[in-house]
Every structure is written in C-alpha cells, then in structure tokens.
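Down below are the structures I want you to see.
What follows is subunit A paired twice: with subunit B in the first complex and subunit C in the second.
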Partner chain A sequence: MTIGIPRALIYWKQPQFWETFFENLGFKVILSPPTNKEIVEMGVKVADPETCFSNKVYWGHLLWLEGKVDYIFVPRLKANQEKLEYCPKFFGLPDLGKILTKTPILTEIFDERKEKLEKTLKRLGGKLNKNKEEIKKARGLAFLKEKELKEKEKQEVSLKIQSKKQKIVLISHPYNLYDDYINLRVKEKLEKLGAEVIFIEEIPLQNQKSKIKNQKLDWPKFHWEFGKEIKEKIEQVLNYNITGAIEISSFQCGCDAVLKEFVEKAFKQNKIPFLYLMIDEQTGEAGIQTRLEAFMDTI
Partner chain B sequence: MKKPIITFARWGNYTIAFKTIFEQLGLEVIPPEKTTSQTIAEGAKIAPEMYCFPLKVTLGNYLPALKKGANTIFMVQNVGGSCRQRYYGAIQEKVLKEAGHDINFLDFRATPKDIYSMIKKISGASLLQVLKAGRFFFKKLHLIEKIEKLAQFCRPREIEKGITDKILQESLLKLDELKKEKDFQELKKEILKRFSGIKIEKNKDLPKVGLIGEIYTVCDPTINFEVERKLGLEGIGVYREMDITYHIKKLIFPWKDWIIQRKINPYLKSTVGGHGRDAIYEMLHYIKEDFDGIIHLLPFGCMPEVTIRPILEKIHLESGIPFLSISLDEQTAEAGIDTRLEAFTDVVRNYHQYKSSKL
Partner chain C sequence: MKCYLGIDVGSISTKLVLIDTNNQVLFPLYLRTAGNPIGAIQGGLRELNNKIKNHNPDIEIAGVGTTGSARYLAGVITGADLIKNEITAHAKGVCSFFPDARTVIEIGGQDSKIIILENGVAVDFGLNLICSAGTGAFLDAQAHRLGIPVEQFGEIALKSKAPTTIGARCTVFSESDMIHKQQVGHLTEDIVAGLCQGLARNYLNNVAKGKNIQPPIVFLGGVSENIGMRKAFEEALGQRITVPPYNTVMGALGVALLVKENPSPKTKFLGFEISDKDIRCTSFQCQGCPNRCEVIEARIEGKIVARWGDRCGKWSNLNLEKA
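Our next item is the complex of A and B:
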C-alpha cells in the first residue's frame, strides 16, 4: 500500500517526519515532486480564488498525487504542544481535499490541547492496522530523524551567524522559505548579491540560562503558534548584528496581515532596513530581482 | 486624566443599542459616523492593505468621531474565535497612534467579567447601574432585531411601495433619541402598531432567499449595499439567522455549536474559526425549508468564509439551489453588485416557478 504526502504547506512544518513514520510502519511513501509550474497551475485552477497562495499550491500537489497512491495523507493540525493554534485554514484541509480528489484521504486530528501527539499517532497507526509495538518503533525513529535534522541545522546556523558577510534574515512561514519555486529562489539571489541568508525558521531558541538579555517586543499575546515562534525568534535575532530583514508572505495570507505590522515595527525600532515581498502565482522573477538589488544597495 | 469621550465600533442598526449603554452610565458619547464610501476610503487609507474589510470600515467610522473630540475607543476582542478579529484592537490602536491620534484604546474580551470590569473602570458606576444599562441595552437590541425581521416580512408584500422602509427608518430614529427606560414600553407599542398597520397582500406566493455568511457583513446594510432591501423590493422574501442575539446565545450556550457540528459532519469535521460552520449549517437548513436561493456575503479574504466556500459550492451543486457569493471590499462598486443581484433574482424566480410547476 502506498501513501502520498503533498510536499507543500504542512509538510514543511515537520519535513521528513511523516515519511520516516510511514516508511517504518512498512508502507511505501510517495512525495509529490518539488513545486513546479504545472503543479501551481493545477492548484490555482481548482482553488477558491480568494484563498491564500500557499493553499492553492497545496491543492496542486494533492492533485498530482491523485490516482498514483492508495491514500493521501492530510493531517488536521489544530494545536501544538504549547496549546497554541495553527492557522485556521489548516483546520478544513482534509474536508476540502475530499471534495477535490477521488483518492481516499487519510487524516487524523492533531490537537494537543485534548490529546498528546503520541496517542494521536497510535490512533493513526491503528487506522492502518498496525499494532502498538510497530507504531512505537516508527514513532521513535521519526522523532530521531527530526532531531537529527534540527541538530544539523543548528550547526549550520551557528556558522552563518559568525560569518563576516552582510547578514540578511528572511522571515516567513516554513512553506514559503524552503520551497524554492514559490519564493523564486530568493536565497540564491541574495547569496549572489553577496549576502549571508539566515532563515528565521533555523534560528535556535535560546535556553533560559544564557546571559545575553533579549530585547522584549511589545506584541499582543498571539494564539497562533507561528506568531509566538516568530516573536521569540526575532527577539533572538536582534542580538546577531544583522544588516537587513526581508519578510515574504503569500498573497491573501490572513495571518501575515496581522504579523507584518508587528514585524515591521520591531525592525524599524531597531533601525534595521526592512523589505516586504508578496508572492503569488503572477509574481515575476525580474520584479523580485530588481527589488532585491535595490534593497542590497540601500544597506 | 482627561474626561473620557467615548466612541466605538459601528455595527449596522445595532449601533443605537450600543450607544445606550454609555449614555445610561452618564458617559459622554460621540457615536461613530455612518458608513459611507467616503469613510471607507478614509479607513482603508491608513489600514494595513491585506487586512480584512470590517477593520477598514470601523477604522473609517472612528475618524470623524475622533475629529469631533472623542478620545476613547471601545473595541471588543475575539468575537470570531480563531480568526483575525482578535487582533483588531491591537492593530487599530497601532495604526491610529501612528496616524497621530492621541487616544485611549480599550480592548477587551467578550466575557461578562471583562466587560463589567472595563465599564466599571471607565465610568465608576455601581453594579446596579451597569445591570440597569445592560437591561436597557438588551431591550433596545431586541426591538431593533424584531423590527428588522418585521421589515423583512412586510417589504415584499407591501401594497404601497416603500412604506416599510419609511416606517423602519423613522422607528430607528425614534429609538435612537429615546433616553429614558420608562418611556420604552410606550414607544415599543407605538412602533409595533405602525408595523402592523402596513397593508400587505397576505397570501402572496413569494420566492425565498436565505442570507448566510460573515456576521458583520450580513447584518450591516450600509456595507452590503442593502441587499435585504433591494431583494425585498423586487418581491423576494429575505431571511437571515445571524444577528447579535444569535451570537450572544452561542457564546453563552455551547450546545448550539454541538448541534451545528452534528448536522454538518458529512461536510466539515472541525471548526474553521469565525462563523464558518454556521454558514454551512444555515445553508443546509434553508435547503430543507425549501428555499429558492442562497446569498453568501463575506469580506474579501475572510479566512473562515473563504475556507468553507468550496463546501458551500459543493452543496449548491448537489442540491441545485441557486447560489451567489459576494465578496465585499473597499473597491466593490454598487453597480456591479446590482447587476449580479438582478441576474440572481431572475434565476431565483425561475427556480421557484420550476419547483411549483413540478408539484
């Protein structure tokens, strides 16, 4: 039996975690390919015109998997360990997916306000007729893989922070940062212009023992997980002596409309140049290039 | 501290009731300006571009009131649940301060305790006074909702065209001017008498349309280009379930949500924030009640409503009921909406005839 996972949106919240989990349960896993033009076009065609660009791309990936697999895995992410909510658009993904494809959808509600992740995974495994031991083993390996990735990221980032080049921090959701087609290879472009690019996602959170005091930002208390995460990471990043900040948001992202106001304020208060880029299916590469060059010149 | 002069977020005809609370507590109030294309443009100028429409509208309503001397703004939080409405207060405060307004922004959660402590802090009124003001508020609110419903009923059936709207507007004006609670009963009697005096064709066979969608746009006739009135004058019965009482009831009694969830389970298995689930529930309900059309109103890019729209479209395809979804924002033009409504009324009438011919 094969399980398909769309390589978009929620996949990037925990890359490689789900593949490892399902592979160790003994299933064949098919990931949709990295985003390309056809996938975006497919998604845009079927999606509601007012939903956010990231969502449209997700539907493209979902449709690519249709017919190629036995199940498509679309989790319903509701709340994380800290009891903070995900974007409300994630809540409806499995139901909307059901409308779009004929391939059955494998789903489970991940709400840690009500149930621990381990227990939810057990239920998910139960749906696939796997026993407790198998699930426990697969879960352990998946967590291990996730940890490994984080460690690797941590080492890379500590090198980047010490770099002598101009450091630019990219602020966005993981599904915009890691998907090169969607963000029009911003990272590559900036590196060509001589900058060291740091993703906000990579920045490790400081443990409480550290002596450096972070600047406290005066933000409202967010009930969204990424709101809190980005706030804490920006507090951290202000210590790194960065030269510029770029926020990328997908068109019609409701959460970013709130976040942007505060992110912009935080950098302006610290007199760090700030650029806001909006991406959608019509964004052209030349336009982004010009704006990035102009931004690098101002620094 | 300066003497607080209060203004607050405008919300359709219910603004009258909100104003009463502050007046009863002896506070000075400058009600927010009525929504016009000009206030919307002013609000949109300083609001974040990507934010949803009601934020821009309410911001535009404050500005003239602030010019007249108001210095304190009331804004309620988390009306909607998981959606962006939670941050209206924070964003509006930031935006207004950046635009150079020296204001005191009171952002509170919609729980009785929070509301009470906030009012207490600003007015220093006793519990009894607050309760009295609250009672008067609910009396006015109920009457407003009642006459809105009566107007919905009378408008398509009236014999003398336009009389219902005239009475509705005059009643609202009188209600706005009413200051003393003891005169309320008399006014209520008078208003209801006037409404019952409207001559109507009793047994008229009307096509029926249900209004669903985001609560603010559905309830405020100044933003939705008076959809209710326009359809009513065309001879179509308009119904809507959304109003403040519905919302407050849902806040107090959670089982309404459970019932809704049970009914919509085949379509959506989770909340999506705001009144997303309610829209699906209402649509299914209207289909059961043999309605002839559904109009879905939402602010452009509203997160919950956009998420559930594909589901509404699916229900529409399954049942064959005419369905029109209208997104509203500062660039929506009235002429465009009118054309779509006209075309829609034709579809609704045809559907109604087709259904009755089959019987």
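Our next item is the complex of A and C:
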C-alpha cells in the first residue's frame, strides 16, 4: 500500500517525520515533487480565491498525488505541544481534501490540548491495522529522524552566525521559506548579492540555562503557535548582529496581517533594516529582484 | 570630453541622461516607451547622437549605466557597464543634487516608491506591493476617460473649489466611483481634484505606510509634473513638497552618476550604431521540466547576445559563442 504526502504547507512543519513514520510501518511513501508551475496552476484552479497562496499551493500538491497512491495523508492539525492553535485554515484541510480528490484521505485529529501526540499516532497506526509495538517503533524512528535534522540544522546555523558576510534573517512560515519555487528563490538571490541567509525557522530556541539574556519583546500572547515561536526566535536572533531582516508573507494570509506589525516593530526598534515581501501566484521575479537589490544597497 | 550615460527604461517612459565629469547634465531625454523598450532605447540613442553631433561633437562615452524595470534588457543591448535597481539610482540622483533631502516620493508609470534618506544614504524604502493602483498609468487612463490631456490634469485640478471624494484604493473601483460622480453631476475639475487627493491618500496609506516621512520632501517621476498631485500631497502631509529639476529623469541621472563613480577602464558600450541595428527579442517555452519557463533570447543582427527568464539557468548560462 502506498501513502502520498503533499510536499507543501503542513509538511514543512515536520519535514521527514511523516515519511519516516509511515515507511517504518511498512508502507511505501510517495511525496509530491518540489513545487513547480504545473502544481501551482492546478492548485490555483481549484482553490477558493479568498484563500491564501500557501493553501492554493497545497491543493496543487494534493492533486498531483491523485490516482498515484492508495491514500493521501492530510492530518488535521489543531493544537501543538504547547497547546497553541495552528492556523484555522489547517483545520479544514482534510474536509476540503475529500471534496477535491477521489483518492481516499487518511487523516487524524492532532490536538495536543486533548491528547498526547503518541496517543494520536497510535490511533492513526490502528487505522492502518498496525499493532502497538509496530507503531511505537515507527514513532521512535520518526522522532529520531526529526532530532537528527534539527541537530544538523543547529550546526549549520552556528556557522552562519559566525559568518563575516552581511547576515540577513528571513522571517516566514516554513512552507514559504523552504519552498524556493513559491518564494522565487529569495535565498539564492540574496546569496548572489553577497548575503549570508538565515531562516528564522533554523534558529534554535535558547535553552533555559543560557547566560545570554535575550531582549524580551513586548508582544501580546498570540493565539497561534507560530506567533509564539517567531517571537522567541526573533528575541534570539537580535543577539546575532544581523544586518537586515526580510519578512515574506503569502498573499491573503490573515494571521500574517497581525503578526507583521509586531515583527516590523521589533526590528525597527533595534535599528535593523526591514523589508516586507508579499508573494502570490502572480508575483514576478523582476519585482522581487529590484526590492532585494535595493535592500542590500541600503544596508 | 568624457561623458557618462544613464538610461532608465520604465513601463511607460524611457529616460536618457548624459553627464560630464563635473556632474553637469548635458542632455536629458524623456521618451515614451510605448510598449517597445528596444525601440525606445534605440530612438533615444539616435536622438542623443544627433544632439551630440550638433552641439558637442567631441563627446566620448566613457561609461553606460542602466536602471528601471527593463534594466537588464537595456543593459544587454547597449553594453552597459553597470546595471542598477531604480531605488538606488533615484537615491543617488537626489543625494547628489539635494543632499539635504530626507524623503523621496517617486510615482512612475506602473510603480510608486518612497525612499527615506539619512545623511545622503537610503536607509529605508517602500514600493507598491501587489497592486499598482495609484500610479501614473492610472492617471493616464482617467485623463483619457475624461477627455483631458494628462498634461493639463494638474491645472484643471487646481481650479476645483470643492473636490469630491473618490476612493482610489483600486483602479477599477475608483473608475466606477468616478463615473458615478459624473452621473450625479459633479464638475470635472472637482472630480479631477478628487482623483489627485485619492491617489495621494492611497500612496500614503500603502506605499508610504509606516515610513518616517520627514522634510525636505522631493517629488519625482512622471506624476510629479502634475501640479494637482503636488498640491494633494502638500495638503495631505502638511509639508512643502519640492519638485526639483530633472524630476522626471532622476533615475537615469542617478545611474549615470553611479557609473561615473565606478568607471570601468574601458566601457562596454556598443556605440550609437546600435540604434540602427536589428535588435530583436524572441521567447520560447522551455520543455525541460513542468515549470515551462519562458526564455527570452536577445539577438543583435541575428546573433544571440543574451538569454534570460529561466529559473534553473540552463539557458542563461549557455555558452553563447556556440549558439
């Protein structure tokens, strides 16, 4: 049996976790390919025009998998370990997915306010007729893989922090940062302009014992998980002597409309040049290039 | 005499400025791009060459810089020594001529920008995001609708005693708003003045949002020729707005200054002859992957001089000698 995973949106919250989990349960996993024009077009065609660009891209990936797999895995992410909610658009993904594709959707509700992740995974594995032991083993390997990835990222980022180049931190959701088709290869473009690019996602959260006192940002308690995460990571990043910050937002992202105001204020108060970029299916490379070039010239 | 040429190719207009080693502007040229950037560049060069022949035949072009949204194309076909984005170019032009300026409002054909300067250096900027409502192209279209030459738009706006409110948030809706105002009987001058105010408001609420606008403020770009717009900005900001000389060619001037400051030992300029050469761009869709990139090929006299538009670089990096 094969399980398809759309390589978009929520996938980037835990890259490699899900394929490791399912593979170790004995399934074949097919990931949709990196985003390309065809996928974006498919997604834009079926998506509600009021939804954000990142969601539209997700539907393109889902449709790419249609007919190629036995199940498409679309979890319903509701709340994380810290009991903070995910974007409300994530809640409805499995329901909309069922309308959009004939391939059955494999789903489970992930709400850590109500149930521990381990227990939800057990139920998910149970749906696939796997026993307790098998699920436990697969789960362990998936967590291990995730940990390895984080560890590798941590080492890479510590090198970047020491770089002598102009350090630019990119702030966005992982699905915008890691998908270089939809962000129009912003990292590559900045590197060509001589920058060292650090993704906010890569920044390890400070451990409690650290002696460096982070500047505390005066932000309200955000309802959404990424609000807290981005806040803590920005507090950390302010120690790194960065030369500029760029926030990327997908067009019509409601949560970003709120968050952006705080992110911009945080950097401007610290006299760090800030650039805001918005992306959607119509964004041209030329516009982004002009802004990045001008931004690198101002710092 | 050594001179430096700056070329700014925008969506609506193409600007050429020639400066000497003392930063004196010898010839500023402003032409309509008219949907044909290559033709506009060639036409501009031809006109410039004629002026040089008639006035200063001893001029030698020591460097060429290009800017504007068609800067790469312009750079390829003229053999530019420097290709620079329009924000940096405008900031450079303003800082050289008005070192005290703190804020630059620039409204061009299809984009509008704000540049914040501190001690002669650009420290912050903003460009219109996804929508291009509130740019020169919008005024052009509305002037046409009202049957007024866009050049007279400003003067007509100044006649208004009671400007009517027109929402300029979106070009399309703003047009319906305007039609409605005409239908209920508002005077043309009140509508025109209302449009200027709406545009200024839209600019300040979007492009300039959150920017630290400090005087002295300079106003550039084609739209700065419109005295109604200048008045609308002055009213909205409660500040005097300066429209400096070379207001419509500041980007070209800036890039000429930049190339003068960073000269190449030998310019790559292909010469004024290019205005009579057969320069063509063609495009094709690459079938290499699902991205189906539209690759542009520029040819001078049939010979490919550059390719661009591909995401992966397999065409733009191709050895052109072999092609």
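Methods note: the second predicted complex is superposed on the first by the 299 of 299 C-alpha atoms of A that agree within 3 Å, B and C clash if a C-alpha of one lies under 4 Å from a C-alpha of the other, contacts with A are read in each partner's own complex, and residues count from 1 in each chain.
Here, a residue touches a chain if its C-beta (ideal position, glycine included) is under 8 Å from a C-beta of that chain, and two chains touch if they have at least 3 such contacts.
On a predicted model such as this, the values are computed, not experimentally measured, just so you know.
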item: Clash or fit, subunit B versus subunit C on superposed subunit A; value: fit
item: Contacts of A:205 with subunit B and subunit C, given as first, second, both or neither; value: neither
item: Angle at the Cα centre of subunit A, taken between the Cα centres of subunit B and subunit C once the superposition is applied, in steps of 10 degrees; value: 80
item: Contacts of A:38 with subunit B and subunit C, given as first, second, both or neither; value: second
item: First, second, both or neither for A:290, with subunit B first and subunit C second; value: second
item: First (subunit B), second (subunit C), both or neither touched by A:220; value: first
item: Minimum C-alpha spacing, chains overlaid - subunit B and subunit C, in Å; value: 5
item: Interfacial residue positions of subunit B with respect to subunit A in the complex; value: 48-52, 82-84, 86-87, 90-91, 94-95, 267-274, 276, 300-301, 303-304, 306-311, 314, 327
item: Of all residues in subunit A, those that touch subunit B in their complex; value: 48, 50-51, 76, 78, 85, 88-89, 91-92, 94-96, 99, 109, 220, 223, 249, 252-258, 260-261, 265
item: Contact footprint of subunit C on subunit A as seen in their complex; value: 36-39, 181, 185, 251, 264, 273, 276, 278, 280, 282-283, 286-287, 289-291, 293-295, 297-298
item: List of subunit C residues in touch with subunit A within their complex; value: 69, 84-88, 91, 121-125, 127, 129-130, 210, 289-293, 311
